[in-house]
């Protein structure tokens, strides 16, 4: 389905990493037309073409422009188009208008990528530590946009009445239904949370560069202690079959289970099931990157909002885990394991093979608001806008999904969305007090 | 710039007409990419691809489906996508979502056109009078969409910060400023207005088919008498230079000249000049299909709303003509003359050569609300929705524009838009009581 | 129910007229509390207190301030609050915020009225012709607001779930159902329309002062000739019973009968019946100033929009009359006859006694857009904003209603509202081509 | 200014408490007219009359209806009007329409209060423990509405261009400017947070009744341990003078200090200063219950949103305290001390006398999202909707304000609002990492 192309891998690990990341983005759009990559299907989403250009703008601006003498912008008018939200970088094209750009074309954006890739590969051997760290940051940044590109395309295709399939689905193999949820008890007490990122001075960059596993975003630190109450956490996420039982039991029509804002949302939007679900002839189907198909009752439920996740937990007599409870449980599990995005293969949550799994398939809503850790401080300059300014109104999700590039996520990784959003591959793990 | 392609002209005049119309639509998009034809830049506008498909759906539905035995739809799911507003034809894709369709692609739409063209050319010799009339209606319908296609593309390109030019402009030749407005006096009295369309019974179609010049839309009739008061009408439309004087005199900031709804609109939208005008370095420029250029003070002003037209007339101590005054003055002038859309050439209003001209360049706002003539009756069935149901809230425009296919318009022709709309090539002719 | 109070009638007819008009306004609010008169139930409506103050502001501003030397404003801050829409009179309180004013209180507003009444009565003998004309204009202006005050209170009470009754209704007397509609034929031809208002110069006022019957608003003139086509007009308006049949026949769900904007409105607002109608136990009730009661099938239907009126006419195989057809038919009927607002008695449409009636009960939607007559020109200064600037997007209504002060209306009188508005006592008379 | 009236104090402490609370509500509206108490000036606010009725409905529903045999509702239609948000109690009047109710009048609402007071005083000696707890809950509930009543009236008067003063202000006494902020260091470690409320079974009510000081809302518990990082917290809140310096330094125009949602809010709303501030002649004034006056630079700043509080803290090189840091610091201070609402006296933040103060004057925004404590569980039935369902999207405020009835607040008390809301008496205390 997708083949790796792009800049040739260089000898240094960062160059290799850079090449692989850049190639994956291009591979993801291999089956998309110019028009497919142009449409913005809602304000929350962006055109695929925009993701390709914005991630390139990030390298061009923060590495080439700032650290490579004599570099000339590929096109002086494009930073206005492809800056996302960096106020410090000046005016920019309004977010809801990203879908108004038939020009530049996909081919021109791919040329832009090639131009920046070549310049960066040339410059890499000469770059200092700070620039190296920015390249590493740019790679992690692009991986985030790879996931968004897939979820945005999924949304875009979902609003087309023809419901086109991006890829052929793989034949479904009958799978045994998962065992009932098992509970992993935790006695409570102090645990270590988060991962430090160095940010001690102007000379010292804030993102480590030695290896990809050491990298962490600023919001994951400082590493610190947290006090947990005794609790238990589920050994797997909630399945489509379990969710169908919640629907059948009237879960979407019983205000007792819902947060007030969630109940308002359910009523205003007429929500009756996860996003992309539809009832056809008495059975539930879902839309995915392989088109519309029956739901798989054994697979993790996905495309649910925090509001839905919280209501489900209430209905199930449980609650959502805090992000610290989740992190304590996930430590020791392989963050590169599970169903995550590789260069080939279907992209959808799959039934778990058995045994506790914390990474991949679906991002797991936690009950924790996205707020800074003790001692958190934003970096100076535009890259300081990366995470800190989003710390109001959103909830933390953990664990990565089937659309997260393998190797991108780790136990300390904090994703975040507003409680009504659900076009990402979001799911639910239960917890309870003991 | 554009070359004629499409079905080969047949021997009968209607087949020739059909071939020419269909070819022009395809020629108009020759320089557009798949993505260019996919974007919908505002609710009022439609993607170019949609215009190509909708006009084809019209022939497929009302001629092939209804009058050709055994015809099978090109794609059974497409009528849902390409029906515009015909309630009687069933559910349809929501108008503001027309820009969400990257599939079908432009190439697929062009295949659709070829398929329908071939089927219709095959069927034409066998079709009866009613079907012939529907083909003629379809040709006139498509010509309307050709104009919309151009004005929609212009709007779409205008919201792209890169402001791409669809076509190269032609070099500007210095032109003498037009003479001051001359006034054509009319003593008042009874005049004949409108053009009959036959609609006397079920067997008798409502649209004539003998020749294109005889054709008229239902809203142009019945032909009837109207009583005019003594008045004078200007011998040309208002120019960009005159409009710049209106702006400089504070016309957009003086409530006395504005209709109340117009004043609300000016304030709410921050309107300060015609659409696509921008002040750069103290001088006015405008955006057109040839990109951004200085305004030509000698050319007719365009892209003004009824509200602006009415305010200008008030400022100038005049008023807008009624549609009957206009029609009485325009009778006798060649409706195929003037600057109208041909297969090649620039599309923008041009300075008039001198002498009264009533056709082409800009649609002229009249002071007449768009309402039915005495005895007007809508046709039975879906085509009856063509005009009558739009007869509230809109004003009549007369005369055609630089984007109106030559031969489409006539003295009795009634175009209509809401008083705030101005993305068409709309302009102003003054009148006054005498 | 209501008793006449207010300034004592003076010897001159204008003083008498002034006294009566001012007293009626006060009488209309006799049963309203301070809070009742404070609420604004929608943007289109105004608080009763505001009507009382605004009409007073009109006299204070255009007569006392402008024509009485040494007059001092009752409160310098109040013109900001009580100017309605006169741009030339400067900034004003935003219309949708009129309901935010618990201060000044109703008692303070009544003091304001008494203050201005006294000053005006004192000044009246000394005032010149121009000021006299403004007093007369102010009386007619206040009569318009008396009707609005009643319809606004009706709307306000209708949104209170308790549905309070302002007045006790009178016992219903069984009435024979009206005869089927009879048709009044008109052969067509030239008729005289409108009523002149003198506006020939600065010395000469534009509103006549000799007697109330001679008065006309500027939009009623100039008197001019109009050409009618042969037609017939109904001898009475449509009844509640006939309207119930329209509903029962699916009239609100059949798009074929509706203007496109009307269909959008019906669907967006979920309209299924006239405003204030509700189905209870299979029968229709309506809310009125005497509370909720069963509809009277013999009485004229009211609280319908132009969209509904037009759809009903289409369903009935007829059309709405033009405003000229209506005026030609109404000439010769007594404009002070019929069911209009007096100092006492119920305010609702009643079954007609029989014989053609054109005045009172319900304002009758015409198919004519509200546009200027040939030769119409607005007056200089703020009072020139009275009518002309509203001449876009609205339709003309004729004939007055049960809430129109008796003596206010005449054959040439033009009322106007937007096609979706229906909180006035609006109804339907049919016409047809012959 | 306000005098205590209402049910005579009974012998038991709860009856005394009930009588005092009920009397204070009535005293607060002593200077308001019927119309004053009817207006709803924004969706977030409610009419004063509604507060009076809703708090009465609470006692009538949860105590009299549920626990007093034979009690008959004062008016069966009123629960629909005066239920606030209890879904389990059935349908209710839409929140944004609370200002549409001129009926029932203020006098009728006061009768309703007297009726319920008498019935409850009669019943109190016979009521069981559960009902006693509900009476206590109702008293605390009413105290919350007393504060809202004052802040809602303040907002209502602020949107009246006349800016009426509810009360005469007291003469300003010159006060020495407060000392620079002093920092109270905390070494970090485990602290006890919250206050238990008993909720162990169906027989056992969840709100204690022994004394008012023991009462706590469900969201304040369970009492549990929290781990603090080393930090320092300011010994006083930020003053108007300090805030003016923030404004003068461009704080509202520098995106670097703002949360992303806050920056969007500042731009969309054009926010340039705290609510009710206005610049007049180069100096800042504020609107208060005593009208418009110059700001007092020594007094605590108030009417700022969480967004503004957070931006100020960033500008000052500090941060907001967590709610746990605040509670640890406030323990040991007298919760009945400080500037809180008594029966008489002005209601506005005042300069502190010196020495750390944590209660009264202004609610202090914390950096903590409003989420449940470990082990939190909602009560069964409608009262279970009291707090838990609001736990998304809001931030915790601590400490009470000048409008909080004295005795209502305590160290564990958690107030909560959305980050953009600022019509409460909200202020800022700084904290920092050490």
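By written order: A, B, C and D. Residues from 1 in each chain.
Just so we're on the same page, a contact is a pair of C-beta atoms (placed from the backbone, for glycine too) under 8 Å apart; a residue touches a chain by one contact, two chains touch by 3 or more.
Values in this document were obtained by computation on a predicted structure and should not be read as measured data.
Of all residue numbers used where chain A meets chain D, over half belong to both copies. The two sides are thus made of the same residues.
Between C-D and the choices A-D, B-C or A-B, the pair with more than half the same contact pairs by residue number is A-B.
Averaging Cα coordinates per chain places chain A and chain B 47 Å apart. Chain B and chain D have CA centres that are 60 Å apart. Mean C-alpha position of chain B lies 38 Å from that of chain C.
Residues of chain D in contact with two or more other chains: none. Across the complex, chain C is touched by residues 85, 87-88, 190, 224-227, 229, 231, 255-256, 258-263, 306-307, 310, 319, 367-369, 371-372, 374-375, 384, 389-393, 395, 419, 433 of chain B. Residues 33-39, 41, 77, 80-81, 93, 97, 99-106, 156, 159-162, 164 of chain C are the ones touching chain D in the complex.
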